[in-house]
Amino acid sequence: MTSYCLTDIAAQLGGRVLGGGGVRVTQIATLENAQPHHISFLTNSKYRAQLAGTKAGAVILGEADADATSLPRIISDNPYAYFAKVSALLNPLPEAKPGVHSAAVIGDGAKIDVTASVAATAVIGENAVIGAYSVVGEGCYIGANTVIGSHARLYPHVVIYQDCVIGDNLIAHAGSVIGSDGFGIAMDEGRWIKIPQIGRVVIGNDVEIGANTTIDRGALNDTVIEDGVKLDNQIQIAHNVRIGAHTAIAGCAGVAGSAVIGRYCLIGGGARILGHLELADHVEIAAHTLVGKSIREAGAYAAIYPLAKQDDWRRNTVHLRHLDELAKRIRALEQEMELLKGKQS
Amino acid sequence: MTSYCLTDIAAQLGGRVLGGGGVRVTQIATLENAQPHHISFLTNSKYRAQLAGTKAGAVILGEADADATSLPRIISDNPYAYFAKVSALLNPLPEAKPGVHSAAVIGDGAKIDVTASVAATAVIGENAVIGAYSVVGEGCYIGANTVIGSHARLYPHVVIYQDCVIGDNLIAHAGSVIGSDGFGIAMDEGRWIKIPQIGRVVIGNDVEIGANTTIDRGALNDTVIEDGVKLDNQIQIAHNVRIGAHTAIAGCAGVAGSAVIGRYCLIGGGARILGHLELADHVEIAAHTLVGKSIREAGAYAAIYPLAKQDDWRRNTVHLRHLDELAKRIRALEQEMELLKGKQS
Amino acid sequence: MTSYCLTDIAAQLGGRVLGGGGVRVTQIATLENAQPHHISFLTNSKYRAQLAGTKAGAVILGEADADATSLPRIISDNPYAYFAKVSALLNPLPEAKPGVHSAAVIGDGAKIDVTASVAATAVIGENAVIGAYSVVGEGCYIGANTVIGSHARLYPHVVIYQDCVIGDNLIAHAGSVIGSDGFGIAMDEGRWIKIPQIGRVVIGNDVEIGANTTIDRGALNDTVIEDGVKLDNQIQIAHNVRIGAHTAIAGCAGVAGSAVIGRYCLIGGGARILGHLELADHVEIAAHTLVGKSIREAGAYAAIYPLAKQDDWRRNTVHLRHLDELAKRIRALEQEMELLKGKQS
């Protein structure tokens, strides 16, 4: 098991060591569960009281909490990011053995870097390219001519259709599908006819895609996912969508066709973005919110119906079908009130 | 690369050629992106101004716009459908080599048409039937006794359970699951017991099923998807649902058990149809709308909470918990007003 | 085909036989569709009239309906559960042949019980354990060190990541993913960095997981699914969630990180439970409802916007953006009313 002393960690990741740089830790844990071989962390001064009872051998703290404990500690401007980095240090991904498993199937003309790994039952299409140190998991399918950069980690059962372009450092989880046809149909004399989806999916660097998330290829132009975008599980990205760099989207959200989402947006779980609209940079959408029009201004937006006990919900909700009438009755009352007041004065 | 002149296209697809039938095109593109070897299209007169700047070699236009440009052009009653057909002509699906790949696994008694194609790592169950010219992609699984018609295109990683019946021309995208057990459980002395799901999924002709969409088999009777139904990605169709012919459903929608949806309905993305209810033909449901009761009349329906800046949303939404009280206060005001007016007259 | 007489059934499952215990049945069917070789059932006295026309050879009835027909019948305290048990008796799962298919790939050190079955194209990771009588379907992937109990039934294309712990009697449907990384990211100087997800997924006994449902592994601690939990299709369970025993969740629901859901809860389709909150035991959440705060008291809760024709919806909904103003105008009217009444008295 890997172990690091605080001085080693700070040498690699920065930060200021206080109270005992020689303490060795092997794993990261919450304040509540930590044992003496663990390093823990406090990312919000509000929970400073939890420091008292911890059995952690060391902790990561922000500057404001630097003196909140006498435990061996590392002080960082951004203790949450520091925690992430320490955890990455203590938990390196298992290395995949370079090479192509004998139970993988490789199409003619595919170029697989000698440092890349292709697992059993994976299938690589004709003329596809797998970059250096990339790992293609069990049962993955990579379509013809698709190009994947370096250091990708495709967990088992990722499907990427033909002709897609993927940057470096992709993480794609099981069951994610990239490049499936967009939903393009035209009504013709009582029958739907299919519109061929001839665009691609183009994905930048440092993108993560969650389990069972789907990203459709463009109808004519491309669907584009810019650098640093993070997608949780079971998200649907429709054709011709563009998602700006460093935007993060929580699980079960859906983005309809040709929507353009800005940079550094945060989209809540189960939110729905309708098609052909734009979101500015730094827009935050609450969970389970439908966005039906463009948002031109950064900020937080919501559209959530409030939860209630079912009986209360029913009693109040029934009036929503008559809100216009209620508004008119208020208007009428105001007019009558003016009239009465006029008579009195 | 395939190229067609306008006269050839019109000979195959109908329409009226104006301004130079000999112009050859190799691909379709938007007015904005088109180059001289492209054919483009205008499907809505509202955007007629875009015709001016296009570099397209030819365009598809409706009758109303027939004279809106001097470019070589094809005039059609339904330019959107015509565009779809031209695109299909210019972008034929890559042909799959007939035959069974050596890394596919075929169950005893399975009947695979000699013109059909079964790709590497696909598994075909016992006594399953794969019709003429059908393509079963990499990693697909077809359960025992399932029958698939002709000209199906199953993209990689489609799973169809046992005993299902699929018509001709199915398109099924990666990760779609057909015939999984419906969610049938009965409470028995504090524990759920499973209700076996012994119905099938029966799918008509010309159906398309999106990536990671799921269609459960019936509990006792069948789940039925009629001809020409188009399902986008990540849709959930529960047991014993019937979806009428030519209905189209957008991504992330869900239909609960035993719902019966009419013909030519349009269901928006993320909409939810509760169980045991009926939708008439030609019903349109807005995105993110819950349908909790049957709809007997064609038309458009919605149930969407309006989007607002989070502060505005909070300030307004708080009153929803007191709507019934607000309504009563309005009623009380009206009564007092009547009383006052009575006294004055 | 298996056939049972009513006396045999009651001997195995209990219940009281009336009107002809020797009648043999081979299958279960609805009252409407049943034929003489079928046994049918009535679980709600409300539909007693349907008994009259049925062609069923026998029926299952509750005590209240014991004399509602002269057909051969079995009387049970819980006719719905009894129906489930009879159906299980008449429809045993097809047995899977024990052993490892020659086209499966087994990692070093994996322990597969001699009574278990591993199908073609399945991949079992290093040191994984597959318990007695468990069936691992085609294309499944079981990660390194994962332990699966006895009598599991993994349908094709189930993915379970490394280090997970699964109890007995799991049913997992196609495309379900267990143990994928939770959505853990930290912002660091304009870029998201990944927080390693080092917890596991721990699943109790008698759990069923629907098609394309995803359950993320914990960030530091585990994600826990207790005994008897039933999950429908396309559900997303985020990292560090705990779901109490015998809770049932309908399709397309999502539970965000670190939420703790009680025992015997019922969560409707498409519902969303936000993160870091708690639901008491026996809480029922309506379909398509967002739960944004903890619920401490058992009972039924809802947050559904009412459906309307689109024109009515638009006319009424517009006022939601002005509810606070409407409430203030009512307050103003009340004050003016008091003033007027004061003047008059």
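Labels A, B and C are assigned to the chains in the order they are written; within every chain, residues are numbered from 1.
As a working rule, a residue touches a chain if its C-beta (ideal position, glycine included) is under 8 Å from a C-beta of that chain, and two chains touch if they have at least 3 such contacts.
As the structure is a computational prediction, the values presented were derived from the model and not from experiment.
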Note the rotational component of the Cα superposition from chain B to chain C, reported as an angle of 0 to 180 degrees in steps of 5.
120
Can you check whether chain A and chain C touch via the same residue numbers (shared by over half) or via different ones?
different
What whole-number Å value describes the gap between the mean CA coordinates of chain A and chain C?
25
On chain C, where are the residues touching two or more other chains?
121, 139, 157, 175, 212, 234, 252, 270, 304-306, 308, 317-318, 320, 322, 326, 330, 333, 337, 340
As the complex stands, chain C meets chain A at residues 105, 121, 123, 139, 141, 144, 157, 159, 161, 175, 177, 180-181, 183-188, 190-196, 198, 212, 214, 216, 220-221, 234, 236, 238, 252, 254, 256, 270, 272, 274, 284, 286, 289-293, 299-306, 308, 312, 315-320, 322, 326, 329-330, 333, 336-337, 340, 343
Chain A touches which residues of chain B in the complex?
27-30, 33, 78, 80-81, 83-85, 87-88, 91, 94, 101, 103, 119-121, 137-139, 155-157, 171, 173-175, 206, 208, 210-212, 228, 230, 232-234, 246, 248, 250-252, 269-270, 287-288, 304-310, 313-314, 317-318, 320-324, 326-327, 330, 333-334, 337, 340-341, 344
